[in-house]
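Residue numbering begins at 1 within each chain, and the chains themselves are lettered A, B, C and D in the order written.
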Amino acid sequence: MSGSIYGNLFKISTWGESHGKGIGVVVDGCPAGLILTEDMIQSYLDRRRPGQTKFATQRNESDSVEILSGTFLQKTTGTPISMVVMNTNQRSGDYNDIASYYRPGHADYTFNQKYGFRDYRGGGRSSGRETIGRVAAGAVAKAILSQLGIEVCAYTKSIGDIKIDYKECNKDNILISPLAMPDLNASVKAEAFLEDKMKEMDSAGGVIECIISGMPAGVGEPVFEKLDANLGKAILSIGAVKGIEFGSGFNAPLLSGSENNDSFRYNDGKVIKLTNNAGGILGGISDGSEIIFRAAIKPTPSIAKAQKTINLSGENIDISVKGRHDPIIVPRAVVVVESMAAITLVDMLFMSMTSNMRSIVNFFNMR
Amino acid sequence: MSGSIYGNLFKISTWGESHGKGIGVVVDGCPAGLILTEDMIQSYLDRRRPGQTKFATQRNESDSVEILSGTFLQKTTGTPISMVVMNTNQRSGDYNDIASYYRPGHADYTFNQKYGFRDYRGGGRSSGRETIGRVAAGAVAKAILSQLGIEVCAYTKSIGDIKIDYKECNKDNILISPLAMPDLNASVKAEAFLEDKMKEMDSAGGVIECIISGMPAGVGEPVFEKLDANLGKAILSIGAVKGIEFGSGFNAPLLSGSENNDSFRYNDGKVIKLTNNAGGILGGISDGSEIIFRAAIKPTPSIAKAQKTINLSGENIDISVKGRHDPIIVPRAVVVVESMAAITLVDMLFMSMTSNMRSIVNFFNMR
Amino acid sequence: MSGSIYGNLFKISTWGESHGKGIGVVVDGCPAGLILTEDMIQSYLDRRRPGQTKFATQRNESDSVEILSGTFLQKTTGTPISMVVMNTNQRSGDYNDIASYYRPGHADYTFNQKYGFRDYRGGGRSSGRETIGRVAAGAVAKAILSQLGIEVCAYTKSIGDIKIDYKECNKDNILISPLAMPDLNASVKAEAFLEDKMKEMDSAGGVIECIISGMPAGVGEPVFEKLDANLGKAILSIGAVKGIEFGSGFNAPLLSGSENNDSFRYNDGKVIKLTNNAGGILGGISDGSEIIFRAAIKPTPSIAKAQKTINLSGENIDISVKGRHDPIIVPRAVVVVESMAAITLVDMLFMSMTSNMRSIVNFFNMR
Amino acid sequence: MSGSIYGNLFKISTWGESHGKGIGVVVDGCPAGLILTEDMIQSYLDRRRPGQTKFATQRNESDSVEILSGTFLQKTTGTPISMVVMNTNQRSGDYNDIASYYRPGHADYTFNQKYGFRDYRGGGRSSGRETIGRVAAGAVAKAILSQLGIEVCAYTKSIGDIKIDYKECNKDNILISPLAMPDLNASVKAEAFLEDKMKEMDSAGGVIECIISGMPAGVGEPVFEKLDANLGKAILSIGAVKGIEFGSGFNAPLLSGSENNDSFRYNDGKVIKLTNNAGGILGGISDGSEIIFRAAIKPTPSIAKAQKTINLSGENIDISVKGRHDPIIVPRAVVVVESMAAITLVDMLFMSMTSNMRSIVNFFNMR
């Protein structure tokens, strides 16, 4: 089956392995007339680039993107946008030993069960480098959303048990923290916590929160193609995500209906809700308030600490994973979460354009 | 956009409103040669049928299913299976008042924003009755899974803050509890808790856990079509679900890598994992152990207690929702969760059949 | 695989067998706010209804449609429209003998090869009655097109070697001819030709031409989702269609480039083409002129004349197909061609709405 | 909308413009374990490479393919295969003048209507170079088919009115003729015919026939996803194709049922058909005999002869198309037809694997 293509009207097709020639994405369905340059894409890729802090893998890659098609005179033409990042710092030798065993918490075993063998170098297709394609496509999606006044903003909500309460979504603070944690006091605590984990040759996880503002009401479809269902799939398709919740989420079961329901009120003629336990989505359709969700990210499975596993010769063995790994995935995953959310929003905004006949007639009359 | 069709190779197309003529589903892509009778479907529909306990709406419906196509001599023919449940106990009059305002926590406002108007009778398409189509299709999916030795079993894990620790998934106990809560002591406590909520004219939510056993390793695709991503979409597409987590889920961020990783071991030549924090899925692909996920269900939004909202005349008003409502959705949603999981599993099992060339060659040689 | 669902944004899901309980379709993705009644659907179904002329099967069916969902106060709500025609004149006994052999020109053999067995009564799912679902959905599509000023009109272009040259597409003449052949002199000749065929216990085929007027330029996608490619699939999915051609079609290879190219000219400031060899489509995209295609329909395979075939017991036998069959399929297929074209046009019009950024921004600003 | 992605289980995503940086394709859904090298791809690309005969454009391109992902140790891994051909001989200057007007028979006008502007260099995305992605993907599809004993073979059936009757499909003769016309006497006549056209500064078209042997019976779905419907879409999506017919095709309407039906017979216990008017497909499903179709290719629209058209300044003008053009597209389109057919066959073979329950149970038991 083909599992590296995502979306309906705004479709992305990603490819590439950790230690292959490169990583890329084709964006099919981007409307014509959007200003798009390599710099715009690069600024997002730089947010997930390795080697920038001590909390990220020391693999040294510039991750420079090249646009190969789909733009003309710096504007999109409506045809597929092919973007490539060539790999430059592969050290496949690091991975020769992992060819013979299955790393716990990784997809080594399941790939072999599925495909009969695997490209074991750096995790092959199941490497975190796979997300380069998502982020490049996310940059295109964000350029579209920006034209529609919609902003997608994610940050690190917690690392281990260090949790912040952050209402505004201010990019400045998020980009200042090496952990994408905009409460800078908490960020310092989390850095200390991570340094301890690194000394223990262990790793940590965390929670990412994403806030989407400017969404018009009426986007999302009422049954299977609910906005939250599609955002859920998008985010759960990111490696290491173990859960997602919207609005009051896993706290909702502890509330009564009267507590969890959001009251509607008119405010200067505009419809507002007094609370937002719904996370901006009612019946699968955006209600015009902020869309809020949180994703649980597991601790990095690659750790230097000894672990029990099996090898392909049928033996129980103890291993210690070598190579250049992130002690925590969360900070670099923030822009991936934003990207997958943005791609999904564009797709669902486009799909919502045929909801009612009057708008369709207007659209074609206007042309 | 068309949002009432779900699946790729095993596709379902549901239709129907709470107070329309009926509710139904067309299953397209069911293999030929499967024994399928109306009784088999009915037994699942009976698990979500209203009016069976005091904790469910008192709407009196037999919800009798009729198969209109796709079977011949009690076997599926490979062509679409159309199944219908006619509505018999509509009391549209109950809902005339809700035509003029938006119920908090419901899709009334978002439907109007999206479509310009809505079939307000009993929530129309966004009613819980919509799930009849899902459950009828789920019954077909379960019949297929049964042929492959796969079982899907869900139950009520918690109601409010009453939470059970249940390892086995024994249908007997689940069906004995009026709340689908197999720890019967906890079930009694939860019944008392709900009676209090009902006296307060309020409602409650809970958590459903689903355990899938017998899954072969190697099912699910590594990037966007991860098994957990698709199960996530399926479950989040059920109304009232606010979150989903797999394995250690939202607890994973509190663990270190060495705690969260599941060690592999050979056991009599078979591969086992010593723990199952992964919830049976590694890198989006089943690892051969049990698949475990939990869904957070919000409290029923329809409550008799007074609530603030707005009407279509531009006024802030207070309302009390009349009609026949469930004080809790969780127990009746258990079979819906099972159904959506089963439908997704069948689809992904089918899609996994083309993963490697050797199996494909064998398949065509064998015919 | 699921093969009874068609479309992307405007999706139809058909079901039903010739001698099952009924035939139906679910239309998913119809915009809200369209006036839609059973009478509107019925008028199209009546054009393909059996028993109306001596050139059609004498099976006596009223083919009365019922709308089960998706409308409220005679307007579509945006949710799935389920439509059903119950079978009332099944005479399964007629078909008992065909259970044991394969009719030449039919799908009996291929169904058995694919599914292992088949519902042999009246051809089961591969009966011409399957097209009821297409026509009911086509009626919905035509109602949408009508709001956009687009008309789809098909007629019988030839029967055997009796061929007409018809430029205008006037429904009146088409509906007067029992063969949907608007040149009434030719129609009389074709009737005589068919009576001869019937006396010979044989059957005939013909060509249907379809003309689409009012299409805006710019609809269709430039590579795989070309407008002609999708119309081609739609029409070739109708049983008995053996070929399709657009504009100059199979005559194009006999022309030179200078003859086949259509010259552009301004006419009162409007862009026109001096000829229409392209059939209204350039590079897969509508050019604003009439879209014209022709479909080749094979002679009805069910004939009373003796034929050679095989039975399931491994014997070579001679058979004569009994039952109630059409001596020609063409006249009743005309409305099916219109329907499939209309469904495809709606889908592609909807998909074209996201072609350029300016229109999208306008759309969302306008809401 | 996204129109450059094709297929369901075997999916291809093409990109690139005539005068952009390159042309490529991502193949998603290729099974693991298939031997695949750049040489295998290159041998197909060489068949459509420009500049090899005087009947093709003199643009000098080596069209060298590079595989960027999806293989490891010369075998496919099951992950996306990204293939790229960089453009090396762009002469954009040739096309500056066409920026200001619409070439008859080309997509210039429709692109501008759809997207608001266009990459006019060499036709941009609507150039014949777009087919490089199709052919590279077709090479992968053919490698899969080869493992299953299926061969796809196309050749030039006619050029202008020079038509050949060719029963066998022998690659040797096809590759000897510069026009892919295996009757070498006819080929010489056609070469003379084309030289005349070239002297007249005009162009020609022709018909390509494609024969598929080794197909198992039972592939294709009975309603919308008929094998012929999908082949039809695939072939009609190739630029310049104006029609397609299967088996007796447009001749079928001239036959009676008794003439057009193919009789079944047992031959040494094997089922055969005495004729093949069906073209190997009955009811949309392969019947085990050869699949035969023909595609009508229009004359190249780019001609040096003077033509009437309009410019963007609102004027009626006369033009003569400069640049390096093929006097006939047919010979180079032969491998494109084979490729699109092969891609479609792989997809439909894969989809047919879930037709019946017994095969599915066997498949999973066997693993």
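Methods note: contacts are C-beta pairs under 8 Å (C-beta built on N, C-alpha and C of every residue); 3 or more make two chains touch, one makes a residue touch a chain.
None of these values were measured; they are calculated from a predicted model.
Q: Which chain pair is joined by more contacting C-beta pairs, B-D or B-C?
A: Top pair by contacting C-beta pairs is B-C.
Q: Can you check how far apart chain B and chain D are, centre to centre, with Cα atoms defining each centre and the answer in Å?
A: So the centroids are 44 Å from each other.
Q: When the C-alpha atoms of chain C and chain D are each averaged to a single point, how far apart are the two points in Å?
A: 26
Q: Between chain B and chain C, what is the gap in Å from one C-alpha centre to the other?
A: 37
Q: Going by the contact rule already set, what residues in chain B reach two or more other chains?
A: In chain B, residues 1-5, 8-10, 14, 29, 32-33, 78-79, 114-116, 125, 218, 222, 351, 354-356, 358 touch at least two other chains, as defined above.
Q: Taking touching chains as linked, do they make an open path (line), a single closed cycle (ring), a hub with spokes (star), an all-linked set (complete), or other?
A: complete
Q: In the complex formed with chain A, which residues of chain C make contact?
A: Per the stated touch rule, the residues are 8-10, 29, 31-34, 76, 78-79, 144, 147-148, 216, 218, 222, 349-351, 353-364, 366-367.
Q: Which of the residues in chain D end up touching chain A in this complex?
A: Residue positions touching the partner: 1-5, 7-11, 13-17, 20-24, 26, 28-29, 32-33, 66, 68-70, 72, 75, 77-82, 84, 114-119, 124-125.
Q: Please give the residue numbers of chain D that touch chain C in the complex, ascending.
A: Contacts found on chain D: 1-6, 8, 14, 102, 104-107, 109-111, 113-116, 125-126, 130, 158-161, 197, 200, 202-207, 217-226, 228-230, 232-234, 236-237, 239, 242-250, 252-266, 269, 271, 274, 277-279, 281-288, 296-303, 305, 307-310, 314-316, 351-352, 354-356, 358.
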